[in-house]
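Only one structure is covered here, and it is reproduced in the block below.
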């Protein structure tokens, strides 16, 4: 019985992620608009877009291959699974041991891999631009992310997220420099990975500046819908990751019962709202940078992550 | 039993000598060539009978573990070479490089050379040894000059002068050895009989022995082509007829080295004498490194392999200089393998220079395409001589390098560097000859017999995988004697 | 026990007789290379023999049978040739013959297109035989004998198409480097065997080397095995030689021969040397591994020749393997055997993985080569349309080598990361600094590898054909495809069932690690991989795959059921400027440009020069990129130049007058006499 | 008797060294040949004396060979060759004669230094002879090395070889001495014939070694 409940919770979580993702995107848009003194669309706009896209027919380029048609589902699946593995309102879910943080990073990598391939598939110059820049960015962002993972796992002694969260709740954490560095690194990576300003601009279609949009330029209809949904899932993933690592308060543990779950959900939603707000604030207060400044931006992130890990490696035995 | 052995020994000397005389008188080179082969075969058989029955040593001749296999090797290679030359020289006649008169002379000299080398190997008397080697030198000088081209005569002259000088130095050393022996062993022949010398070596005046060894090393070392005494070797190999190059590299160098080793045994039998090791090690390393460097710039394929002979003489001298059972065993094995392999290579080179009509490396390309058997034969030979499995040289180099490094790491480094250098430079040249796009040069089919080449390679291949028991026993025994 | 022993003694003679069969086939091929059926025959025999060897080795490994030994009266007369089959050699036999068999299967089809069969057929079986013998050898002489034989046969294969001067040069460089490596190993064994030549491995194991000597052995082993495996800076020959050979041979060289080199290193350092291990050994190996990994992948990113790109990736993966080995050494030095077991498992697992996907990728390249006759990516493209199956297999291989879950490449890197994460337990400060740095390098190389294979697959198979040859391509034959998909399936299986592989590796690890090994995995629920216990970290490839499949299919199903599934073809959108000419596509060079600008400017002094014609001039603008290979220009070119210079300086000694030669002799004589005088 | 015998032997051996110096001193071909004849003459006397005091009669043969063959036949033959080949009469000496003299003295000193301590065991007679013989050998070698001209090369070699015969004769009861001297005579004859042959074959313009060393493999590369 309990087991079934646990599986139920797991399922809820997966669905929750799927449902919340567009909302978060809309939420961020709203905030940005408000900060720019615009009224902006309603937070539900992304859902409308998705449904419209889903109903539209797909226009495939003549030179598109089967990979082009399979990729969206693959990307969506990888991102969804990755997102589902991040504890949101409850930790210690039955499948939380399926993959640890490193595996989640790698799953994001899988999604990126196929997205970049899809960008190259049609054989247009824009797709190429997008893919090559995306991979360049990723080649720095991923190591930075992993360094952050090192720092955590050195502290918590594990790379398995719910255990990390559980550890972060305990008193022995305290305030640590390396944690701060890790947080910074993670934020920078999150910005880069989600194609936000200053690294990329989700709203632009200016050829020379776009990265993510350039890759998906040829997509339309349901494929585009899946990719958009995937993108927002990714955003959600990162914010909930930040939440469950650096602000694990209020998170329930499996089997604690409904009230705990409800508290958890509430806390989680609050975290998301706050995160979205911060993101919007950040995006509006900074200008987009040149593509070849991004490497310095992310190089800094990598160095911060490495520094954090090093500090721990050294201070561990002190 | 022993009379059998003795008759075998006499046969080893008489057959070549008498054949030489006969060939001088005999007109018609075809008969001459056949007779040459036949005589070589005969003396080879005689050499084989030595396995069964060894004669007791007398004051002049003796057969022991050291020279028995060298004798067999000597006659074996002479036989194969005679087979090779029988078909090779005829072609030289067609191209008009030689006249029948010279050919007659050539065959006579060939047998005379065989006689001289057999004598040198069989000699128990150091004076006789010297005379035999001098004889061999003179004969080879005449053969190197056989083509009468300007270059050939010059090479012969150079060889002649340097060779005679070496001979002279060796004689002085021989006299010194006699003087060292004389006080303890009295005057007369016994004081020059090698086995008696070895028996009494302990009592000799060590200082005199040292001096003697210096002269002998320089004298016979000149014949063995050790740097800096090597100057005659490349030209003599390059300008003489190819069969003679094969004999020179394959046999005569061994004979000279054999002489040096005989005296090294004397040295190591006398505890007070200075260890000859360091001298030989230095000369060996010099030869190895120098030859390795010189290989790179060679344009003439025969000169190339002449330098490779210098390199290998260096390795062998180094091995014996290191001493100890492993290194000595390696040295003996290397002597054998080198003479088989190098003569095989010279067979291949002879064919190549005949089908291509040139010895210039830069004009020979892609041989494995135009003449697969020949090209791959050459490649196999080079692989073998470079000390790679599955050929026999690998075993000896394995033993030399590993045992040296275990004992004298600092000596092993220059050795290894030299080996790598020589390998790289030699391969650099051969790569160009064997591979690449064949340029349109003459692609005449091979006329001379390819069998000797294959036979030698097969022997080296077998030796690389499995060594026959008796041979090993001899090697081990001699290795102990060499100290 | 008894029947186990009986079983263990049995297979060795058989295993030894198989290479002989291979050699015999090679000999037959020398004569009959041009007969129509010969190619099929040769590859068929190699396939069967590889399969049999594989089976025997697998049986030996799984039954954890006791080591079997055998001595033959060959080789060194007083020593004989010794052979031994233990867990380590069994595992590497599996690796070698798996790839070997599949490569033969591939060649059943691919070999038909060979235009110089007489230069391939005799040597291919010999190559395989040589590698098997190396893995079975149990004394120094036999080991080096087989090692050199392996080098030689592969050299001949590299020269198969020797008429291209580049290949000839590659062959030359390869053999010289091989000779270098062999000499280094020769010195190693010389040290281990000692002055009186105890070349038998058993004797060497018994011996107790002093720490200094052991350190020297480690360095020499790194030189010897590293030069064959392609450790930076000894890798220069590898990217030239591996692509030069026919593709199924490249697969063997990259996928297997480098592993044989790793085997040599493991055998010498972990088995023969045994204790004592000093902590800085691990540091040295770690640093080398990290540098190799990153440099290898960066080199690869700069290539546009598909096979050379793959060869450079071999360098990278060797680096990853050596990182694992270095960690293991570091842990062993501190008696942390349980963790060392993890590192070793990671390294060996990666050995298996790399042999799988590297062979797969090289074979895929071979298929492309036969279909188009092109290796240069700039002239390929759009191949996914004519050859979808090859593309699929290649894609799986690319994803695997980019360490993407749920494929096998990810598992071994994940294990390596886990080992790195435990390393703060290490007491030495230097190691504590080094390990995270190496971890960063590993992460970087993984990310760059992904980028590199997006490029490799994207430019080759996606987009539009860049040359007529690419447009005319056709799907390859059945044999080749079956070979490709066999490997692809194995990649997937090893990725989703890692626990079983880890269990299979346990005896090997135990052998090398003083008995310590990872806990058995098969008992875990859902076959989860739990290397160091529940609390630490876990990974379950199977579930990841299931979830992805589930969510993917569910999404697809729902969308196609509920929403539209209509699709229409049309010209590409491309921001409204669809351009007909394929030349407007991104090329390999342009794809790598951002990364070249970010990393290349540091490592390769990469410079881009744009020559813009003046206005009114109709000439096209030109973009030139110049790259410098630091290793070659700093390390190798000087040596080569020095040799040339010195030999040129000495060359005049060939042209002296007789008088001068005489004075040489004279000088030598006087010198020695003086020496005599002074010596007394 | 013993003392006198010793003194005479010593005198003759020393005389050979002096004559070797004379050889070094010459810068005319004919003079060189004449001095060499003298050299061989002294050798003949020394060997003969050794034969007498050792009662080793086979040594008389050696002495005879030295006298007839080397003191008479060879020099005249070389005279002929020099005339026939029209070799310019002067010997161009590498470095001055004075330097050669100094070098020669140093060599003699070296020879004595090497030899005297060595043969402490052997009897004084042999020791003296040996020291002088070595000196002669070294001086002959020096002559070979410092002269450009083939004739002087031959002469140098022959003087060297005279030194060897002297040593062989000095070694008490050394067997094969005759055979060895015969073998050497053959060698020398061949050398002379060689010089002669090269000329009448008209391969080389002169017997000057510079000219002979012109043709080389690979000069082009």
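Think of it as A, B, C and D in the order they're written, each chain with its own count starting at 1.
To be clear about the criterion, a contact is a pair of C-beta atoms (placed from the backbone, for glycine too) under 8 Å apart; a residue touches a chain by one contact, two chains touch by 3 or more.
None of these values were measured; they are calculated from a predicted model.
Colleague: Identify the chains adjacent to both chain C and chain D in the sense defined at the top.
Modeller: Chains touching both chain C and chain D: B.
Colleague: Taking the mean of all protein CA atoms as the centre, name the chain whose own CA mean is closest to it.
Modeller: C
Colleague: Counting only C-beta pairs in contact, which chains form the busiest pair?
Modeller: Greatest number of C-beta pairs in contact occurs for A-C.
Colleague: On a CA-centroid basis, which chain has its centre farthest from chain C's?
Modeller: Relative to chain C, the chain whose C-alpha centre sits farthest away is D.
Colleague: Quick one: chain A and chain D, Cα centre-to-centre, how many Å?
Modeller: The computed centroid separation for chain A versus chain D comes out at 99 Å.
Colleague: If you average the CA atoms of chain A and of chain B, how far apart do the two points sit, in angstrom?
Modeller: Using C-alpha averages as centres, the distance is 78 Å.
Colleague: Report the inter-chain centroid distance for chain B and chain C in whole angstrom, where each centroid is the mean of the CA atoms.
Modeller: 44
Colleague: Compute the distance, rounded to whole Å, between the mean C-alpha positions of chain B and chain D.
Modeller: 31
Colleague: Which residues does chain C have that touch at least 2 chains other than itself?
Modeller: 654, 656, 658, 662, 669, 673, 676, 680
Colleague: Which positions in chain D touch two or more other chains at once?
Modeller: 114, 117, 141, 144, 153, 212-213, 217-218
Colleague: Out of chain A, which residues touch more than one other chain, so two or more?
Modeller: Chain A, residues with two or more chain partners: not present.
Colleague: Touching pairs of chains, which are they?
Modeller: A-C, B-C, B-D, C-D
Colleague: For chain D, which residues count as touching chain B in their complex?
Modeller: 114-115, 117-122, 126, 130, 133-134, 137, 141, 144, 153, 157, 160-161, 164, 167-168, 171-176, 179-180, 183-184, 186-187, 190-191, 194, 198, 201, 203-204, 212-213, 215, 217-218, 220-221
Colleague: Which chain A residues qualify as touching chain C in the complex?
Modeller: Interface residues on chain A, with respect to chain C: 14, 54-63, 65-67, 69, 73-74, 76-78, 80-81, 84, 95, 97-100, 102-103, 106-107, 109-110, 112-113, 116-117, 120-129, 131-133, 135-136, 138-143, 146-147, 150, 153-154, 157-160, 163, 205, 207, 217-218, 221-222, 226, 291-292, 295, 302, 305-306, 309-310, 312-314, 316-317.
Colleague: Would you tell me which residues of chain C are touching chain D in their complex?
Modeller: 654-659, 662-663, 666, 669-670, 673-674, 676-677, 680
Colleague: Looking at the complex, which residues from chain C come into contact with chain A?
Modeller: Contact set of chain C toward chain A: 381-382, 384-385, 388, 391, 395, 399, 402-405, 410, 414, 417-418, 420-421, 423-424, 427, 429, 432-433, 435-437, 439-440, 443-444, 446-448, 450-451, 453-455, 457-459, 462-464, 528, 534-540, 543-544, 547-549, 551-552, 555-556, 559, 563-575, 578-579, 582, 584-586, 590-595, 597-598.
Colleague: Using the touch rule from the top, collect the residues of chain D that touch chain C in their complex.
Modeller: Going by the criterion above, the answer is residues 94, 107, 110, 113-114, 117, 138, 141-142, 144-145, 147-148, 153, 209-210, 212-213, 216-219.
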